[in-house]
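Chain IDs A, B, C, D and E follow the sequence of writing; residue 1 opens each chain.
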Amino acid sequence: MPDLDTPTTVQTPSAAAVKPVPYRGGGFAPRPSRLVAPIFFVLLFSLWEAGSRFGWISPIVLPAPSEAFQAFMDLVNSGQLVLHLEASLMRLALGWVGGTVLGLAVGLAAGLFTLARGGIVPFVAAFFPIPKIALLPVFIIWFGIGEESKVATILFGTFFPTVIAVYGGVDNVDRGLIRMGQSFNLGWWSIVRKIILPGALPALLSGFRISASIAIILLVAAEMIGAEYGIGAYILLAGNLMAMDQLVAGVAILSLLGLSVSWLIGRAEKIFLRWRA
Amino acid sequence: MPDLDTPTTVQTPSAAAVKPVPYRGGGFAPRPSRLVAPIFFVLLFSLWEAGSRFGWISPIVLPAPSEAFQAFMDLVNSGQLVLHLEASLMRLALGWVGGTVLGLAVGLAAGLFTLARGGIVPFVAAFFPIPKIALLPVFIIWFGIGEESKVATILFGTFFPTVIAVYGGVDNVDRGLIRMGQSFNLGWWSIVRKIILPGALPALLSGFRISASIAIILLVAAEMIGAEYGIGAYILLAGNLMAMDQLVAGVAILSLLGLSVSWLIGRAEKIFLRWRA
Amino acid sequence: MDLKLDGISHAYDATRVLNNIDFTIKAGQIICIIGPSGCGKSTLLRFIGGLERPTEGQVLQIGDPPAESLNPLTYIFQDFALLPWRTVRGNISLVLEDHGIRGTEADTIINDVLARTKLSDFGAALPKQLSGGMKQRVAIARALAVKPACLLMDEPLSALDSQTRELLMDDLVDLWLKEKYTACYVTHNLNEAVRLGHRVVVLSRRPGQVRDIVDIDIPLEDRLKHPALLQEKQDYLWNLMREEARAADLELLDA
Amino acid sequence: MDLKLDGISHAYDATRVLNNIDFTIKAGQIICIIGPSGCGKSTLLRFIGGLERPTEGQVLQIGDPPAESLNPLTYIFQDFALLPWRTVRGNISLVLEDHGIRGTEADTIINDVLARTKLSDFGAALPKQLSGGMKQRVAIARALAVKPACLLMDEPLSALDSQTRELLMDDLVDLWLKEKYTACYVTHNLNEAVRLGHRVVVLSRRPGQVRDIVDIDIPLEDRLKHPALLQEKQDYLWNLMREEARAADLELLDA
Amino acid sequence: DDKITIGALRFTSHAPSFIAYEKGYFKEEGLDVELKFFQAAQPVAVAIASGDIDFGVTAMTGGFFSLADKGAVKVIGGMMAEKQGFPGNVILASNAAYDAGLTTPADLKGKSWAMTQQGSSFHYMAGLIAEKNGFTTADMQLKALQKVGAMIGALKSGQVDAMAIVPHIAAGLVKGGAAKEIGRVQNLGDYQVTTIFTSTRNTEEKQDMVKRFMRAYSKGIADYLAVMGDQKKDPAATEAMVDLIHKYVYTDRPREKAAPSIKAGAVYLSEGAALNTKDIAAQLAWFQKNNLAPASLTLEKLVDTNFADTTN
């Protein structure tokens, strides 16, 4: 450091080297580009198609995308797609709504009462990680081979993550806001309704995102049990018949279903969480 | 409000009503109690056992916990447990480590480079929600029926959530710290190594927690493919034979496995994230 | 209504936080509580408002609050504590709804407090659209809506930048000149204390004890006209606290 | 080494943030930049340190930085920017490692800067164990370790409570008296500006323009002895800014 | 020696593999055999397609046809067949359905039928029943339940009306009163239930090896038929063979508990691994008609008749 007693400069600007300060910022900010993704997917599919056409990829290993698309169009044209979708969406809706309503109630209890939390949290921790396919035989016995067991599989799958999301969300509501409510003598139920629930809404919505994906993932497992129609049943049949084109088409339908649900929840977030900074 | 011109009180304390200020705080802070959980579980199991003993719960619907425990002890005494665990743990370890290493590399790329992010993020979004059981036939064809396909199932299952956790973690590293690094002329690789990776560690560890649960959940699916030994295979066989006691024992083993892994990661968090406030 | 703190002591588990605090908040007065970081100021304010209970001693209400007061002891928080999902009007109506005040009755009150805090144009804005100073003004409006007998303010200005703080301090003084509200004002900013307080209670570091109670006799409206006198009071307070502040700063937290 | 800001203007997308800023930072001087919230002070400081590039104009280095300076333009940030996973020593060694300084050489430097910032006893502490004031002292020690030719400080005290701020201001003055460092100090606290600045650059609200440049001729060490003079300067600055601050405060953000 | 891998299931019907292995018939032909065990039949065909194993025995399923169509596998001989007088698949009705009048296979029209998966042999058996009795599977409610265990559970609890199952399991169910026998698959006509198959590459590039395999395997079949086909003829030999089979089947049960099941499960196996090509053609046609097999698959593509006799 310059060792001066008074704050003046030693060098006259004219005599000294003048150069801009070196730039050292930028980077470390990758952005989801609108261009890269389409190009990437087009490239991927072209390579895949070419690979199949030229025989680099054996049809046993992977069907050409065009074949999978053909299988999909067959499904559309035969009118089967509607039947499959109808069956699956009904199961998804019933199971997800059921699991969500129960999960909300139980999660809220765990978020508000010490006693409930003590029972619920370890229970959920123990049951959440159990693979639902392992329980299929149990579900068959409990709920039979009709719609009930399929809905139950999805309900079970969505219940636990919803409970976790709800009590996590309640825990994360700013205690300052709750204290504010108390300081204005708001009633208990007012605090829950006007402060805790809206405050937990962001966590709830992202919980819904997760539970919806889980529900879709469980569709295949659920439709293992005596389902005639359903996207999961269609995929299972394709797997049985080693019909890779149909398998890929079915998986693509599930994937699209997942993306649509995720988009819907994104819209809901935009609308209901407008207030977020 | 008292309409006074000078700050003095109108009332003499002796004449006025004296009472403590009303209490209106407390509540809204449920705690995981050390007492409730054990009591709850003991109660649950006793009721269940009693229900089975007295015939309220049919053994077809649910075995008594004691029977499930007996099945577990049979497994231990026959020495089969070790074989099953050995097989499953090997698959879990290989699949999880493979998926994690790949996921780290790909996720880091997505977290650092715009081009990589553009390709990886939509790819992951499209593939993550695909149920792995739907892909089992594909895996068998790609990787055969040996250990490879089982490991691949788990690897696939852990890869995608790891990617998401890693690039999410990198995104959430305080940009202020990165800017600080740049302002001190730290090299690109130094910033990645000394700022971004440690900063993303909390997110990585909670990603590991998720990917480990997924790996355990996928064990059953993975061992659907011609596995002789393995907890998943044991459960599948029990389901096949409708041996509910063995089924419950197997599911309990998975649950314990999940809890152990979660505990391990909790320890790792305690050790590696000591620095967190 | 006066408030009397009667031998208040408190400990969280093994940590003694407050030690035998005694003082009175007289109606129409602003009492400032100052003290170094972590000495228990916020805790004390929570006791005064009945949000928490001290292990020893009690806070007494002497006299009844005015009948029209909906919420005699009303807080204004450092972080504003506005519901981000409600508009400015919605945030104020929140504290009226539970008293059954809705519709035009509520509108009248809301319009009145918005006018008094110069917020009339911002009724429909969401908190995220407001600067920090505006948010705190909304919190003040909300507090006024329930006609408090005593305002309890926990560092209401310390989340604001110093220019906004200056502006809001003027507003608080103006408001007091008009309404003569009672207040207990916690801060560690000595300048705020000498600008706003009729009486300043100085706490020691943890466990907080009353070190001194300083009366400032200059009328609020005249304080800016006597910068030297104020500076003198401020320096007196700073000398009382300097070493404590330094020591508090050097303490290792949960080492 | 002096720094010259040469006709700097900047816009983020459609928002003009800075408008034709010109001034010089002379070696050995502390320049304070003040202005209302959002007027572009932080942006300007990023340009000076080369972390971002303005759309127009440039920042020039006049003369070479001293040879021993490892990082001529060194920041001290409002939020301290310490790596929470490194100890105090580790945080300082971080900025030396990339210059190949390790082992005893590094230890010597670290011990020296810790001593100068009165932190010698805290080398092994983690940031989470330190109070805000201590953390900022660590950030200052880290900055000193690379022997900067100019310190760039972005509201270094505004995250601290006012008592700690007072203490740290004293420390910064003491340090300047010993080392005569060059600094560009951004703040919106006018009191800090008149206590620390040899020269105060006043910016208007967004888009930031230079409204005035005020020299304060009282030597730093004597400033507390002339409270009236300081108050006068501060009042002058406050009068320059009052209306702007009020207007900035009233602005609705991304309505 | 040629190293080969055989995919096997731990079923009594796979006994010839174990016999030929244990008695050294493969060794005699210069084949160094490794047995690889599977939990289900379907993956055996896939494993041949993926090159994991060389030979397998399974039922004709939709997946198998699909792999054959892609040129991955070829049928080279016959194995288990339904033949009058031998134990074979039994058609069971649930007690409730039986009481309600489901007493013969002809009554199955409009009833529900449990099977593992669509395109499985259980599915085909439903097709056989339907065709024989003048209706189609569309007139039945087919319930794919993935696992035999689930099928049994569903039948026991009356959630499905009927199913078909291997004889020794059927015997247990009927004896325990859990279900009623209403017919046998063998009474519906010829049915080549399982076949021996290998990869197309083996049939083209290693014909000699395949031939040697078939010779050894046929010996195993012959031994099995000789002893288990008429178990009363030579009880000592029967017990010895049960011992041999028990090394591989029902290993988790003690011998005395396993023996009855092994004996009861002695189904008919085609002598000399002869293949009923006519029935194979019929099966293929049925699968194709029901969209369970690719239309482009022909019998030539499916079967290589160079390695075993064909009947019919």
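We take it that a residue touches a chain if its C-beta (ideal position, glycine included) is under 8 Å from a C-beta of that chain, and two chains touch if they have at least 3 such contacts.
What you see is a predicted model, and the numbers here were worked out from it, not measured in a lab.
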item: Minimum number of chain-to-chain touching steps separating chain A from chain D; value: 1
item: Shared interface partners, meaning chains that touch chain A and chain C; value: B, D
item: Chain pair, most C-beta pairs within the contact cut-off; value: A-B
item: Between chain C and chain B, distance of the C-alpha-averaged centres to the nearest whole Å; value: 44
item: Chain centre separation (chain C, chain D; CA means) in Å; value: 32
item: Whole-Å separation of chain centres (CA-atom averages), chain D against chain E; value: 83
item: Touching two or more other chains - residue numbers and ranges from chain B; value: 24-25, 137, 141-142, 179, 182-183, 185, 236, 239-240, 242
item: For chain D, residues that touch 2 or more chains besides their own; value: 49, 51, 73, 128
item: Residue numbers of chain E (touch at least two other chains); value: 46, 49, 63, 147, 149-150, 153
item: All chain pairs that touch each other; value: A-B, A-C, A-D, A-E, B-C, B-D, B-E, C-D
item: Residues on chain E engaged by chain B in the complex (per definition of touch); value: 37-40, 43, 46-47, 49-52, 63, 147-150, 152-153
item: For the chain B and chain E complex, residues of the former touching the latter; value: 137, 140-146, 224-228, 233, 236-237, 239-242
item: Interface residues, chain C side, partner chain B - complex; value: 1-4, 26-30, 46, 48-53, 58-64, 66, 69, 73, 147-149, 179-182, 198
item: Chain D-touching residues of chain C, taken from the complex the two chains share; value: 36-37, 122, 125, 128-131, 133-134, 158, 161-164, 166-167, 188-191, 227-228, 231, 238, 241-242, 245-246, 248-255
item: Contact set on chain A toward chain B in their complex; value: 24-25, 27-33, 35-37, 40-41, 60-62, 110-119, 121-123, 125-131, 133-138, 141-142, 175, 178-179, 182-183, 185, 188, 191, 196, 213, 216-221, 232, 235-236, 239, 242, 244, 247, 250-251, 254-255, 258-259, 262
